[in-house]
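What follows is a pair of complexes built around subunit A, which joins subunit B in one and subunit C in the other.
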Partner chain A sequence: MKASRSFSEWTPWLFLAPYLLIFGTFVAWPLTRSLVLAFEQTYGPKTTAFVGLLNFQFVLHDPLFWTAVRNTVLFTLAAAVTQIPAALGLALLLNRPDIRGRRLFRLIFFTPSIVGLAFVAIIFTLLLEKRTGFVNSSLHSLFPVWDPDFPWLESYVMPSLIAAALWLSAGFYMVYFLAALQNVPAELIDAAHIDGAGPWQRFRHVTLPEIRPVLNIITLLVVTGSLQLFELPYLFYNDTAGNGPENHALTIVTYLYQTGFRTGDLGYASAIGWVLTLVLVGFALLQRRMTQRGES
Partner chain B sequence: MSPRPGDRASLTSRLLIYGLLVVFGLMTLLPFIWMLCASIKTKGDFYTSQFLPPGHGFLGVAWDRLTLSQFAQLFRDLPVARAMLNSVFLASVCSVVATLCCAAGGYGLAKFRFRGRETVTSAILGTVVVPTALLLGPSFETLFHLGLVDHYAGFILPTLAPAFGLYLFRQAMVNSVPPDIIEAARIDGCGEIRIFFQIVLPIIRPMLSAFLVISFIGIWNNFITPQIVLQSPERYPLSVAIFSLRGLYGDDNSLIMAGTLVAIAPVMLLFLLLQREFISGLTSGAVKG
Partner chain C sequence: MLRSFSPGVWLVLLLALGSTLLIAFLPIAPRPGMDLWVFDRNHAETANLIAADWNRAHPEIPVQVSLLAGGAIQARMLSAFYSDTPVGDMIEVERSMIGQIFAGPIEDVGFTDLTGRLNCGGLRDKINAPSFSPWTRQGHVFGLPHDVHPVMLLYRSDLVEAAGIDVSQIETWDDYFRLMRPLQVDLDGDGRPDRYLLASSPTNLFNHELLLMQAGGGFFDANARPTLNAPLNARVIARLATWYAGPGRVTNEATAGTASALRLILDGYVVGILCPDWMAGTLRTSLPELAGKFKFMPLPAWEKGGRRTSVLGGTMLGITKASPHQEAAWAFAQQLYLSPTTAARLFEHALIVTPIKANWSAAIYDRPDPYFSKQPVGRMFLNLAPDVPVRTSSPFYTQAQGAFNLAVIQLCHYTDAHHISDPALLVPEAQRLLDGAQAELLRLIHRNIFLRPASP
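Up next is the complex of A and B:
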């Protein structure tokens, strides 16, 4: 290597300084605080006491927490089996050179991702309303037997949330699949074609292995994102602080938010947050092990 | 390009694909169309017609019954103009400064070898797995101690160091900034700051504009943080202001849809103008990396 003028040892820190200052104050420090808080209990303003593992014991025996876990896991499973196939399906439809207007369709499918969750919640609660909502009124005019007072928001909490999340996310993940599909070498597909492989076999044995890395990332994003579901149910059921009818909309993060900002027990909220962090890390590690095993 | 065997699919299969695309496209667009129609109908017509009120005008629509009074009400009687100004201000400041912060940080991590580099990198990227909600409480506590609650700065500062942004820029620096250029500039006696602004930033311009749009739209749509941090209604961004309409004017669906439209339209327009940058920025980390 040729001799070159080198930078001073402070130079990289100069460039990192603004980022690290903000990161330290508003990420690293609060994160450390949350670890301390998780072992404390807050009694009213400015009165805290060290309680050891009590918060964690409480969490594991808290029926509301388990209701939240059940709802969150249910949503996550439903999100994974609806959003991933929908996104991949749309991408496969658009990944054909003989289809005109692909850019227009890609744009249309992607637009919902630009809409903020608060606005999605407003639009979907109005769409799903009894009688005046678009969903019930169109179903009723298409099929007169359909009850115009069908209680989507009142009795079908999860399906409503899953539908809103699907509308919002399918096009977002689609662009990742589309980018991956466009990187699949055409020769591979052609070779399979010549070997007489049908469309399903070509997908299963040629395309799928090629896009597997992106599929893994999307699965990770969908699952870890869905396990943190909060704003959508919180805003759908804002009048009950996100609980929804019979707590059917209560998620882990909603419960964390309620304990932290409504009850004011930051310690208990932090304990819930750390339990969730462990679950997320656990899932990420599990998925990594499974992909590594799949590769070797 | 030579014709591929798969390209000449039968007419029926192509028609089937067009059919599916149109159906899914309509399902995607119908909520928007419905919102648009609702926002220009009177409160009474909202309850009696699905899209536009039927009448004897062109296409069987009562065009004369349509109204812009909801929009007038939003901007004249309700603080929506102020909220929009707040949103524009917050999203602009946050996205510009966050982009610079992340670009400089990513440059520092990607283009210099120094002690502690690995530690810093893994500490920052490791926080990606931390649920954002875990930080809400302790961050609020920090803001409270710094006296920043209910100040614009209290919302702006915490948004300036997203781990996702640092990751994207570090990646962009590694992939597209050749070390030789930096070396050559140093030999020519160019200062480190000048190298960054005049040589490095122009090279990663596509990533700069992509991240600017992504973070602008992200900040614009943020609801929970401004709702916690900005407590005075005159500081509300559109997300909080429009959502609070639902509590105050819950029965006036036309007004609420008009408000939502006003809040969505600016970012929609921005996205339509810069969609290529936006999408390539999003996918660059996952697909190429």
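Up next is the complex of A and C:
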């Protein structure tokens, strides 16, 4: 009996040990270290000083940080407004049994997420180039008044990034929505139909409540992913380390990267990282609360 | 408890324990000799040739050359300097990385100070003096320069000569734009130019910097203090803004580096390109169709009698302080960088001219290059090498570049909005924008308590 009790006490820890070891080494320890760093300033590899809340005070008064916040929030809102409806729209369309070649279309729309972010960034910069880019050259061919040197990448930084992100992500989230739509009971739809509900009412009062859990997850993924935007602007505007013209592509994570890994100011970069973490946690909590309220 | 475990649990535990012990106690023999990290394939091939000779002569301390991505070198090198992780004995460092290496007190720089070794025996005098500047901090040199990277103006000689333009009359930028002006034409009748006189744009920060340095300006002074708002800088960007924007615009973007830019160059979209030696090598490889259609001339000066070149890019070879083979690494570094073989290969493969003055007399540099209309391109670059501007490195280089670039873009908006083509009218606005850029940069620098000016 005694042996059995000790078995039940120790066995879970034994099996958890490898995970805890890896988590402690590669997550918990770096997180703790970065929290300590956020209260320090560094000068080169060896010189460090404790500065209390100075880094956090500077974050709050740093115009570049606020530029990064503004750009990131703008991108996040635009991503949520474009990617979720586009993904849901595609899913609704490709869920209809009367659409021929549905499987092919699903593959086509999903392909950008297979291709990957780096390729999407390269493809979009090529598409949007002045004169040689497909967009400008096509528009100039169709409408000779169109300026073939139209500066998409220079003057329309955020729309270019939003378009690239939409192309990359819509097909990916479409798959989630398709799975959710296929789980909506057909009898519910039929019953609503018999009761005289039109297509919009069926969608609003039957389909949407049924897919709400997936919608919530996708909203969370889109928002947290967008708040951590880094690779796309970095690849689009590599020559300016991701800033883009007039800092229009500067995001919070890009600013963190530049501060930490270009300037070597690891303390300030850690402070930026923790501010971003607080924003992400805050959003996740808010979203959870809204979800719970919606469910109740 | 132990008797309660099934055989499967025992197996998993044994595998975990066995693999842990294996990794912990597996003898890993340290590699003998020295590691050299390089980021460029051409550099690696040359280094391997020299290393083969070295390894025959010094079998007790051989050199292994590792070709790594630039980003990987940067990450691993900085990790080593910050955390004492393993690092190569010698590392080739690209210009954009050096500012961060120089952050902190001079005694904390992770590379060995080579000043004494260079001064001993007059080695320093054998190397092109300005080529040391990016690798120098407070008079201490931390690397052997790999190159000079002088800049000339590459122009489409087929277009220029067909138009009957005599380039010998060009001495200044004003001369260049005035004489070349007939070439900026609308070819398809849509009312817009289909050819511009110079490949550049308000967002091309590399061109801004090289033109600024050519004029004698810069982002930092010799002591790495920011000088963004120097009056000379304001005058330069006022002139740049009239090239990039407003009714007198003469530039558009087509600087070699992307496929679309190469397409534009091929199509004759631009007449002139600001071209360092390495870019000439890239163009020769990428656009064989344009053989015989390019020629070089020294950069037109900002004022009569002014500097006819500038500089873009650069690499050094440093010896890490962590290396236990300081003397051997120094001997190999000299063998690699001072060697006539290295200089010849560098020029043949990439058109890069050496900073080692003793190698400048080699016949290879006088050879007419058919691609560049039989001009002796090597000699032309070398003639300008002693005159390349001196550069200062700072960990705040990226921020300075960004703040300066922002000022240029904003000035271009102002130029467009007010339809200005006279640079003199733009100088006050240029000065105002650069004052703002300087204040912003100082604010970023002084954020760090170690970099704040001492209280009186």
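By definition in this document, the second predicted complex is superposed on the first by the 275 of 296 C-alpha atoms of A that agree within 3 Å, B and C clash if a C-alpha of one lies under 4 Å from a C-alpha of the other, contacts with A are read in each partner's own complex, and residues count from 1 in each chain.
Please note the rule applied: contacts are C-beta pairs under 8 Å (C-beta built on N, C-alpha and C of every residue); 3 or more make two chains touch, one makes a residue touch a chain.
Just so you know, these numbers come straight off a predicted model, no measurement behind them.
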Three-chain arrangement built on subunit A, subunit B and subunit C clash or fit: clash
Subunit B versus subunit C as contact partner of A:126, first or second or both or neither: both
Which superposed partner A:246 touches (first subunit B, second subunit C, both, neither): second
Touched partner set for A:258, first subunit B, second subunit C, both or neither: second
Partner chain(s) touched by A:41 [first = subunit B, second = subunit C, both, neither]: second
Partner chain(s) touched by A:270 [first = subunit B, second = subunit C, both, neither]: first
Which superposed partner A:108 touches (first subunit B, second subunit C, both, neither): first
Contacts of A:18 with subunit B and subunit C, given as first, second, both or neither: both
Touch count on subunit A, higher of subunit B and subunit C: B
Identified clashing stretch of subunit C versus subunit B [1-9, 235-243 or 271-279]: 1-9
Where subunit A meets both subunit C and subunit B, residue numbers: 4, 6-7, 11, 18, 126, 132, 261
Interface residues, subunit A side, partner subunit C - complex: 3-4, 6-7, 10-11, 18, 41-47, 49, 51, 54, 58, 63-64, 125-126, 129-133, 140, 144-145, 147-149, 154, 239-241, 243, 245-247, 258, 261-265, 268
Complex interface listing, subunit B residues touching subunit A: 4-9, 14, 17-18, 20-21, 24-25, 27-32, 34-35, 38, 46-47, 50, 100-102, 104-105, 107-109, 112, 114, 117, 120, 123-124, 127, 129-139, 141-142, 157-158, 160-161, 163, 166, 183, 186-187, 192, 196, 217, 220-224, 228, 239-240, 242-243, 246-247, 253, 256-257, 260, 263-264, 267-268, 271-272, 275, 279, 282-283, 286-287
Touching residues on subunit C, where the partner in the complex is subunit A: 1, 3-4, 16, 78, 81-82, 100, 103-105, 108-110, 190, 192, 201-206, 252-253, 258-260, 263-264, 269, 395-396, 398-399, 401-402, 405-406, 409-410, 440, 444, 447-451
Subunit B-facing residues of subunit A, complex: 4-7, 9, 11-16, 18-20, 22-23, 25-31, 33-34, 37, 90, 93-94, 96-99, 101, 105, 107-112, 114-119, 121-124, 126-127, 132, 134, 137-138, 141, 167, 171, 175-176, 179-180, 183, 186, 189-190, 193-194, 214, 217, 224, 227-228, 230-231, 235, 238, 253, 256-257, 260-261, 266, 269-270, 273-274, 276-277, 280-281, 284
